[in-house]
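Written below as structure tokens is the structure these notes are about.
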Amino acid sequence: MMRLLVANANTTAAITEACAEAARAAAAPGTEIIAATPRFGPAVISSRAENAIAGHALLELLAEHAGRVDACLLAVSHDTALEAARQMMPCPVVGMTEAACLVGCMAGSRFGLVTFGGVDTYRELVARHGLASRLAGLAGVAATPPEAVADPEGVGAKVLAAVAGLAAQGADSVVLAGAALAGFDRRLQARSPVALLDGMACGVRMAELLVALDLPKPRGGSYAACSGRDSLGLSPALAALLRG
Amino acid sequence: MMRLLVANANTTAAITEACAEAARAAAAPGTEIIAATPRFGPAVISSRAENAIAGHALLELLAEHAGRVDACLLAVSHDTALEAARQMMPCPVVGMTEAACLVGCMAGSRFGLVTFGGVDTYRELVARHGLASRLAGLAGVAATPPEAVADPEGVGAKVLAAVAGLAAQGADSVVLAGAALAGFDRRLQARSPVALLDGMACGVRMAELLVALDLPKPRGGSYAACSGRDSLGLSPALAALLRG
Amino acid sequence: MMRLLVANANTTAAITEACAEAARAAAAPGTEIIAATPRFGPAVISSRAENAIAGHALLELLAEHAGRVDACLLAVSHDTALEAARQMMPCPVVGMTEAACLVGCMAGSRFGLVTFGGVDTYRELVARHGLASRLAGLAGVAATPPEAVADPEGVGAKVLAAVAGLAAQGADSVVLAGAALAGFDRRLQARSPVALLDGMACGVRMAELLVALDLPKPRGGSYAACSGRDSLGLSPALAALLRG
Amino acid sequence: MMRLLVANANTTAAITEACAEAARAAAAPGTEIIAATPRFGPAVISSRAENAIAGHALLELLAEHAGRVDACLLAVSHDTALEAARQMMPCPVVGMTEAACLVGCMAGSRFGLVTFGGVDTYRELVARHGLASRLAGLAGVAATPPEAVADPEGVGAKVLAAVAGLAAQGADSVVLAGAALAGFDRRLQARSPVALLDGMACGVRMAELLVALDLPKPRGGSYAACSGRDSLGLSPALAALLRG
Amino acid sequence: MMRLLVANANTTAAITEACAEAARAAAAPGTEIIAATPRFGPAVISSRAENAIAGHALLELLAEHAGRVDACLLAVSHDTALEAARQMMPCPVVGMTEAACLVGCMAGSRFGLVTFGGVDTYRELVARHGLASRLAGLAGVAATPPEAVADPEGVGAKVLAAVAGLAAQGADSVVLAGAALAGFDRRLQARSPVALLDGMACGVRMAELLVALDLPKPRGGSYAACSGRDSLGLSPALAALLRG
Amino acid sequence: MMRLLVANANTTAAITEACAEAARAAAAPGTEIIAATPRFGPAVISSRAENAIAGHALLELLAEHAGRVDACLLAVSHDTALEAARQMMPCPVVGMTEAACLVGCMAGSRFGLVTFGGVDTYRELVARHGLASRLAGLAGVAATPPEAVADPEGVGAKVLAAVAGLAAQGADSVVLAGAALAGFDRRLQARSPVALLDGMACGVRMAELLVALDLPKPRGGSYAACSGRDSLGLSPALAALLRG
């Protein structure tokens, strides 16, 4: 039995629930999903400032589960604080967009990415993962999360148009980024010319893979665990992890 | 029950057997390993010409299993003809070094690669996968496959020295590339400062992941299946796949 | 009269004081330096996790000064949460290593970077700034902050050796990164073959330059100010900035 | 008298003949053109799988001529198995698209590429040659080889429109890639704003240049000749070259 | 009192005057602007050949002021002979487009660039500065310098449209390149969604910054001063600088 | 009969003579070599400033031969003003290091470069040609041109050591850059593990190739000929070419 923490990075419990449900649908039989929501931070992350704040909130949340889960999946399309979490935690940590991009690397030569609204921070995210040369393009659909709920067919048509445009640019698969696009992969797949990649599904499976491989944590370098680090005003669990 | 074809690209059956054994050790309970050896080609691949020849041999081998396996793992550290196989086959195809490099992307910021002999074609391979910016360095150990069998401790010490050197250059994990290094990950892991990544273990798990995700094949673009293609003098199965 | 916030990102007031002193020494006559320390966070930042936590602490600190200063200089060599701060604040924000690197771009073709300990996160930082092609190399000096205080000559000799090594690799100037290296630029400059760049000096001048240029904030895109964003458990000033 | 092997990579003799004719038209007086067609493989290469199969076929074909020609020109726009051929053969080997791209490097800052159908594999080919930064763009003309024969004016107009589009993107010359575009350079040049580069013409001249320079083959590294390599089921000439 | 040489690179005195005026408007109180025009060369630089010729003219002009000014600003949007001038002169040298691009690096993640006519050499200029990854795009406005004088509103509308297009591509600021666009930043800023960057304003402030930092010149490497170099037919001042 | 201008960029006639001799030795039977020396400029180019000055001198020299030669070879290892010359002249123009690098692209995957003294400007030159990914490394031999004449064996041994070092880094060929290394390719080739590439030999052959291909000059873009450009104080031939 493997325990996988699905950690939301915003403070909206309903999104945590939706992510947990998606994770359970994607998980292998032996995987138990534990979902959690940060104690503080933005209701939804849609700016650079909110993302930075959520990084601390997410680390605090992860720290509470350190030693009690086998892996963590960051349920936030910005892969918020992913490298920090990976360094801090004693178990594997996966980002949902990271996971989808890596799957995209095995689904053809280049992948595209569709999201609602601006694409700039996602372009930076793919570059941060070193995968810029495998990105065929990004498309920002003019739609909002409420519209996606109210008019899934209309929004789905926009998403499909964006996917078709990216396929024409050479995308062999397309990452759907953002909680509001959850579930659209299954809904639209049959009408899409290329595979649609859902971060939660890819992330759950990547976390299971890492647990199965049972790789040791680096003992040195910039991903070694913290040790002897002092801090002020942090949660007890987080402070304890820094102390090592 | 998932059927995974472990396809060697050289014609040495003993290497196929060793790969199959490694694959079985790494596989999840429900995965059946089918191992196969090409009908023709180089005994071992250690040059560009041999690799190109083996590409055809490997595709012929895969074609015989098309429709009868759920995924293919190319059991050759050069990821021989990977993109071609991915395009041609109706099921997911994974390269063992590709898989190890992608796992390396989740094990820290940068990975290293150790092999026996020259590193140039591996540098090109990592670049072909678009992962050059995540490669901390490569190291060619002065040893031969027979030496690895005859003196595993001596060769292991050389490998560990190479791994330590790469870790000092910033590698957070190290891919062990080449059939002769099979098993060295488990033998040396406890003495290594960073995770050692074995292509067979990573590849089997990645293949399982792709089967679990059940992504459709692109209907267009350069990874769409062949259709209506004529050929001369190819094996019946291969010719049939080209005809579509 | 221009008001420049020098914002430390760790919670060690002595470092804030040292930075403020360095800033005052570097500032133009009309620049008033206001120094501040975060309310919570790591005592010193030397890991990815501490850096992510400090990002929130720094943003909280900056938010308290929004509208009351003309510019902000992040007094932390990791340029912690720089892009987030730049998006959030109504005034220019500069990172000290960013500033030193940009000055390095005008001091020749390529610059080097010297720090104490590991260099990996600085390599990533330079790449995050898009300046990887202008980086001649990085060198991690085997010394600690206490040693720098106790034996400035001995440590200085190590730094000079590192600088000479980078100059031999083609560095036309060298960034000294990390609070513990503050002041070493003036102490060692006469014995260095190339210019030594101090982040506080460069950062103060860059902040003055940006204030003089009086550029408007983007009204759209990923650097536009936040508006109407909800949050939970954040400081009043930070929450207010997110609400816009 | 120099003997140049023009090696087709598909099994369509008519294409071999057309290439030989183009080669003879482009060759210097002292160059004898020997044209050859593989014994097996795809009738035409238009997919990744066909290209990989053709790599073996081409190497087999080249091996028969090893020691009996002064240079080889691969008469296939995908530069199929170019690096392998270069390593294996005792004489210079040139790819026709490679040659055209290198000429494009001397015809201005950036070149474009026009082909029939999909452009993705050509984008990868230019990147494989390390010339991505000199590629202004690619354009896939909606036309088929039969149409090019049946309606050369109509197809020519489409090609010219594509060329004009690439020139507007900054292309100072344009590579025409694909056997079906053979001869279009001469037909359209007068109406094109930039030079049109034909792979056969460029390739023949590059082969002559390499023969004139009389460079030795590397004695080490990944382009050294094979020696002592065993194989199974290969043509006698190919097996002999591997044995060295 | 700091003396800043504003060196035009073409021979049109009216442009020198306009640049001097812009420089005086941008300068800090203590900065004296000395403007100068080359003795020979193109009337306006709008081709690669003119730019190369102007490089010599500019160096001759700078040499006359060596030792008599505290810094030089190259008042030419091509940053003509910037690296050469930087190496040759005993004081800091700044390029106006270089300066604007570096300010753009602090105004967001990526900047755009607008000019009249062709954009190709500006794309190369940004790449020469190593900033290609921070360039969101370039736009060539269909207008001429006389039109900019005769119809500033009409041309301004075209510039604004180009700026909006670049902002939509992700530009957080836009460099206005070319003497004919001088002053358009102030005229159009209020109607632009992002900051407009003027090379003279940015360049004057960067020159002041470098003088304030008082960095030493490299004693070795490719930016060290010339010494003992013979020449023929150069101006006395230029020949003297080469002799050292 | 083809007329090839071999244009030195420095004012030392003895170097012009040596280059002419090397060119004649490399040329095809029908190629007439016309050698020329600039009227003014540095005696030898070994700094950025000298290179920029020589750019004008070289263009003036080329302009005198415009219309009277079939191609130009810039006999200077810095490829001084190459792009400007290419744009200005009505015939093909080749740089000697450019030519050697392009030949290096066909001699294996990566090439190295050896020169006397500093390598920084050569690294930039290879990057300016867009070939950085094909550069295995650079080596600066500690020797001077007079030493190369006085002690060719001793200097040759140093060059061979540098070549061996670059081959170990993966260079499949090595460019010898700088007039002082002329002839060392023939002298050392037999003792080198990889091909040694001489710029004059490669350049003469590339010029012949371009003449044979008879490509038209671009009618638009940044390589179109000048037309209607005014100038001051330039040589009559140069001014005439700018006027068009």
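Per-chain residue numbering starts at 1, and chain names A, B, C, D, E and F are given in the order in which the chains are listed.
By definition in this document, a contact is a pair of C-beta atoms (placed from the backbone, for glycine too) under 8 Å apart; a residue touches a chain by one contact, two chains touch by 3 or more.
Just so you know, these numbers come straight off a predicted model, no measurement behind them.
S.K.: List every chain that touches both chain A and chain E.
M.R.: Touching chain A as well as chain E, we find C, D.
S.K.: Determine whether chain B and chain D, two copies of the same sequence, contact each other through the same residue numbers or different ones, counting it as same when over half of the numbers at the interface appear on both sides.
M.R.: Same residues, largely: of all residue numbers at this interface, over half are found in both copies.
S.K.: Centre-to-centre on C-alpha atoms, which chain is most distant from chain F?
M.R.: A
S.K.: Just curious, how far off is chain B from chain A if you go by their C-alpha centres, in Å?
M.R.: About 27 Å, centre to centre.
S.K.: Taking each chain's centre as the mean position of its Cα atoms, how many Å separate chain A from chain D?
M.R.: Between these chains, centre-to-centre, one finds 44 Å.
S.K.: Which residue numbers or ranges of chain C touch two or more of the other chains?
M.R.: Correct list: 83, 86, 109, 120, 133, 170, 221-223.
S.K.: Could you please write down every pair of chains that are in touch?
M.R.: A-B, A-C, A-D, A-E, B-C, B-D, B-F, C-E, C-F, D-E, D-F, E-F
S.K.: Which stretch or stretches of chain D touch chain B in the complex?
M.R.: Going through chain D, the ones touching chain B are 11, 39-44, 46-53, 55-57, 59, 81, 83-88, 118, 120-121, 128, 221-223, 226, 229-234, 238, 241-242.
S.K.: With touch defined as at the start, can you tell me which chain D residues reach chain E in the complex?
M.R.: On the chain D side, the touching residues are 109-110, 133, 170.
S.K.: Quick check: in the complex, which residue numbers of chain A touch chain B?
M.R.: 28, 83, 86, 92, 94, 98, 102-103, 105-109, 129-131, 133-134, 167, 170-173, 189, 192-195, 197, 201-202, 205-206, 208-210, 212-213, 215-223
S.K.: Which of the residues in chain C come into contact with chain B in the complex?
M.R.: Contacts found on chain C: 119-120, 123-124, 127.
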